[in-house]
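In the part that follows, the structures are each spelled out as structure tokens.
Below are two complexes that have chain A in common, paired first with chain B and then with chain C.
This part shows the complex of A and B:
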């Protein structure tokens, strides 16, 4: 089918105009009755609803009441002229975006500039042809409509932004509260048992951390300790970690396993915490210190952050290759033992600290952690730990860690 | 991370370049899932250009190897760099996923 019009350009313009754009309400402001009547008739023929006013003041009242889509206003009028009318409309927030055509008898550049500066959107010469008037009215209506759409979209965006901000604040408050709860589960620094002192520093990558640790008395002679690391980070990792932390509570382990023997604890944990559907899992190091003999038995499920630092003797990492929890259901975890001496320090650390990457991507590494600890062998425990954090931050060139960073220190007193 | 897929005899090879970490592991998962959905019988993930694998990246490799095992297909790793090799060795990864030094070795092992 051929839609090509066979009408003359003038006919087609007039007849197509109303169907191209929905009929609009136009306020025509002109003090001269003949010009006003003639223009009003023309606009009515274009299919629009035309409101008329004989001067600026009257026009303002109509405009406020009727909110026209377009205003055509004469420059020269008694009481309030066209440019002053434009200025007044622009100052009113309810009308400021109405499209205004300013009518003049002359189209001198200086006059056009003044009209535009004072708030008119376009000009219409009183001598303009019928086609030009139609075209300018249509263009004005189109622009006005676009401006209104933009204003609506912008206001919707602002409301959405506000809503998002409120939601985000609520969520952050929830996270802070959850973080405070998790923090309350961490062992208090000080003396967890006679002859021992405990200090730690912990910086989660986000508000909530997925790397947690515990130090607690099992009975009068034994102290249990662990550090766990959830793969991934964020809220999901933190929730999974809290559930493993609950599992590792002394009374729960004694109830389920009957002993805090590290290899047996890991065996049970491996059974209960399989690899998640997203491939998330834990690494876990568990130790049991026999206080009368200072004998430490320990076992690890893929966690390699345990170091003994000792005065006058080489440091030693308390770890060996082992499967993280959930990797291998048939995995077994063997205990190792070490006899600790007075002044020995045991450090448990998360990979977030030794994997802190330099700007070129090189991890800080366990070796540099060991050097940092050894360099501060005679400083108070908390100072040594702070020094490690400072060195790791210096290495990565920034204060925040991309993964949870934790260092726990346990010192045997003389 | 850049991942390029190519065919090598009966296997599909994914050449991975960059770090494999929590923030970009979805890209590797998508690439592996696509290969798996075409009933690939042997996928070789080439780690030669991977400098760092974090705990999330490691978990993803184990998860993918388990899902290939369920399909009776093979999942192999190729040429991990020293740091990545150390991380894998500490986590006993070689007990679950075969790790090869050359592509030829990986292809031969599957054929054998």
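This part shows the complex of A and C:
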């Protein structure tokens, strides 16, 4: 037997709360016709649409087809009893959240425990008053609605998380690709010109770094070199740095400025890269080495990371007070000049290495960098640079830097 | 201890939420279904079938609840327990009580259907 009750709902709901007026579809499963007819009529009178089934197997078919909001099922039935029906519903992912009231005259704690353990949500006595039926049905409907909302929200969250993970993987892949591209723009270690050795180590704080450097031949007699630092780090800083790096390409500078004279390069860069509305800016050190005379001219826009390390003579920082790019359109960045000797080493470094902070917050400092370089004066250039990184990491007590860390070394051979 | 009443109209009406038409429908349904349940009880007794007796008595007990016939309910409930414990000798005796009581309930319900609520 499986039919839908046709009795018209009565509009009076006595003292029931307004929220009770929401009609629901209820599946009533009971093999005994007098009880089923009575309960169906009472539920219909409360305003609900009632579906009926005479045993558990029929009820499963109706439940799958109609997806009722609530199921009221008798405990003892032929074919499939109430607790077995509850277990079957709970195993079905499409029905498992339907609220189930087990209808019984059983009121022994052990039987109640068994019913709950096997999947019932609550109990309803066959002799329950109208008020009790209303209360239990409405509590069940409310709970069922909340469970469905929770499932929907949970499902939406899972979808969103999946989407986010996919997007994040795509973004990571993009970042890796961009990082590989930026890395390809960095000068290859080795010999950029006769009598010169180049080595460097670079560890961006994130996948993409905002500190970049370059070493390139200008002509047969000149080598251009620079190190730049974009304020901030991450993707935005890297994009801005790549833009300045493009500007600093030898062909571009010669086209725009006509010379790689450091003060003129900085003057043009200062004009083209003003302080951004967000307060972002660059510091930049530019040098030009005249290879026949080993004369290095250089200028700095707020960048303090250039050191000459010399055998038998004191090291020297190649900086003077100056403002970063874009702060003052009328700024002048005067050239300095130094004559280099064979075995001299020029180090260009980002502030990420010498500002590496110890656990107590004390920066490693340029002085300790200089000491590390001098202690490794006779080691191969790359060994000296690696030693600096090792010392900075040891100082800060961790391997990753909070800012981009770069050290470039240029050594003049004997 | 007082003997429970055969049929309590006021309580039956309460259980039908005051719906007189519904109670008449239930009464007719009970008149039609209960003989089948009692027949199932007798058949189970004849077979000495514990589960069959328990199920048939349980079904009869359930059908009695909405029409509020306490004496018949008690006998049906007793029969269900005896069936669960396989006490067939006593169950035969209780079955005779059920027969007597059922006849009284049927008579009361037929009166209700024939005379309506004014009788």
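Methods note: the second predicted complex is superposed on the first by the 393 of 414 C-alpha atoms of A that agree within 3 Å, B and C clash if a C-alpha of one lies under 4 Å from a C-alpha of the other, contacts with A are read in each partner's own complex, and residues count from 1 in each chain.
In this section, contacts are C-beta pairs under 8 Å (C-beta built on N, C-alpha and C of every residue); 3 or more make two chains touch, one makes a residue touch a chain.
All values reported here derive from a predicted model rather than from experimental measurement.
Participant: On chain A, do chain B and chain C fit together or clash when superposed?
Facilitator: They fit side by side.
Participant: I'd like to know which partner A:283 touches here: chain B for first, chain C for second, both or neither.
Facilitator: first
Participant: Could you look at A:127 and tell me whether it touches chain B, chain C, both or neither (first, second, both, neither)?
Facilitator: Touch partner of A:127: chain C, not chain B.
Participant: Who does A:64 touch here: chain B (first), chain C (second), both, or neither?
Facilitator: neither
Participant: Given the touch rule stated above, what does A:361 touch, chain B (first), chain C (second), both, or neither?
Facilitator: first
Participant: Which of the two, chain B or chain C, is in touch with more residues of chain A?
Facilitator: B
Participant: Kindly classify A:76 by the partners it touches after superposition: chain B alone (first), chain C alone (second), both, or neither?
Facilitator: A:76: touches chain C, not chain B.
Participant: Does chain B (first) or chain C (second) touch A:35, or do both, or does neither?
Facilitator: A:35 sits against chain C, while chain B stays out of touch.
Participant: Scan A:337 for contacts with chain B and chain C and give back first, second, both or neither.
Facilitator: neither
Participant: Rounded to the nearest Å, state the minimum C-alpha distance from chain B to chain C in the superposed three-chain model.
Facilitator: 67
Participant: Using the superposition described at the top, list the residues of chain A that contact chain B and also contact chain C.
Facilitator: Touching chain B and chain C on chain A: no residues.
Participant: Under the definition above, what is the set of chain A residues touching chain C in their complex?
Facilitator: The contact residues of chain A facing chain C are 31-35, 37-38, 41-42, 45, 74, 76, 78, 105, 126-127, 129-130.
Participant: In the complex, go through chain C and note every residue touching chain A.
Facilitator: Counting only chain C, the residues touching chain A are 14-17, 19, 22, 25-26, 29-30, 33, 55, 58-59, 61-63, 65-67.
Participant: For the complex, which residues does chain A have touching chain B?
Facilitator: Contact set of chain A toward chain B: 229, 231-233, 275, 278-281, 283, 302, 304, 319, 321-324, 327-328, 331, 351, 355, 357, 361, 363, 403.
Participant: Over in the complex, which chain B residues touch chain A? Could you list them?
Facilitator: That would be residues 19, 22, 25, 51-52, 54-56, 58-60, 62-64, 66, 83, 89-92, 95-96 of chain B.
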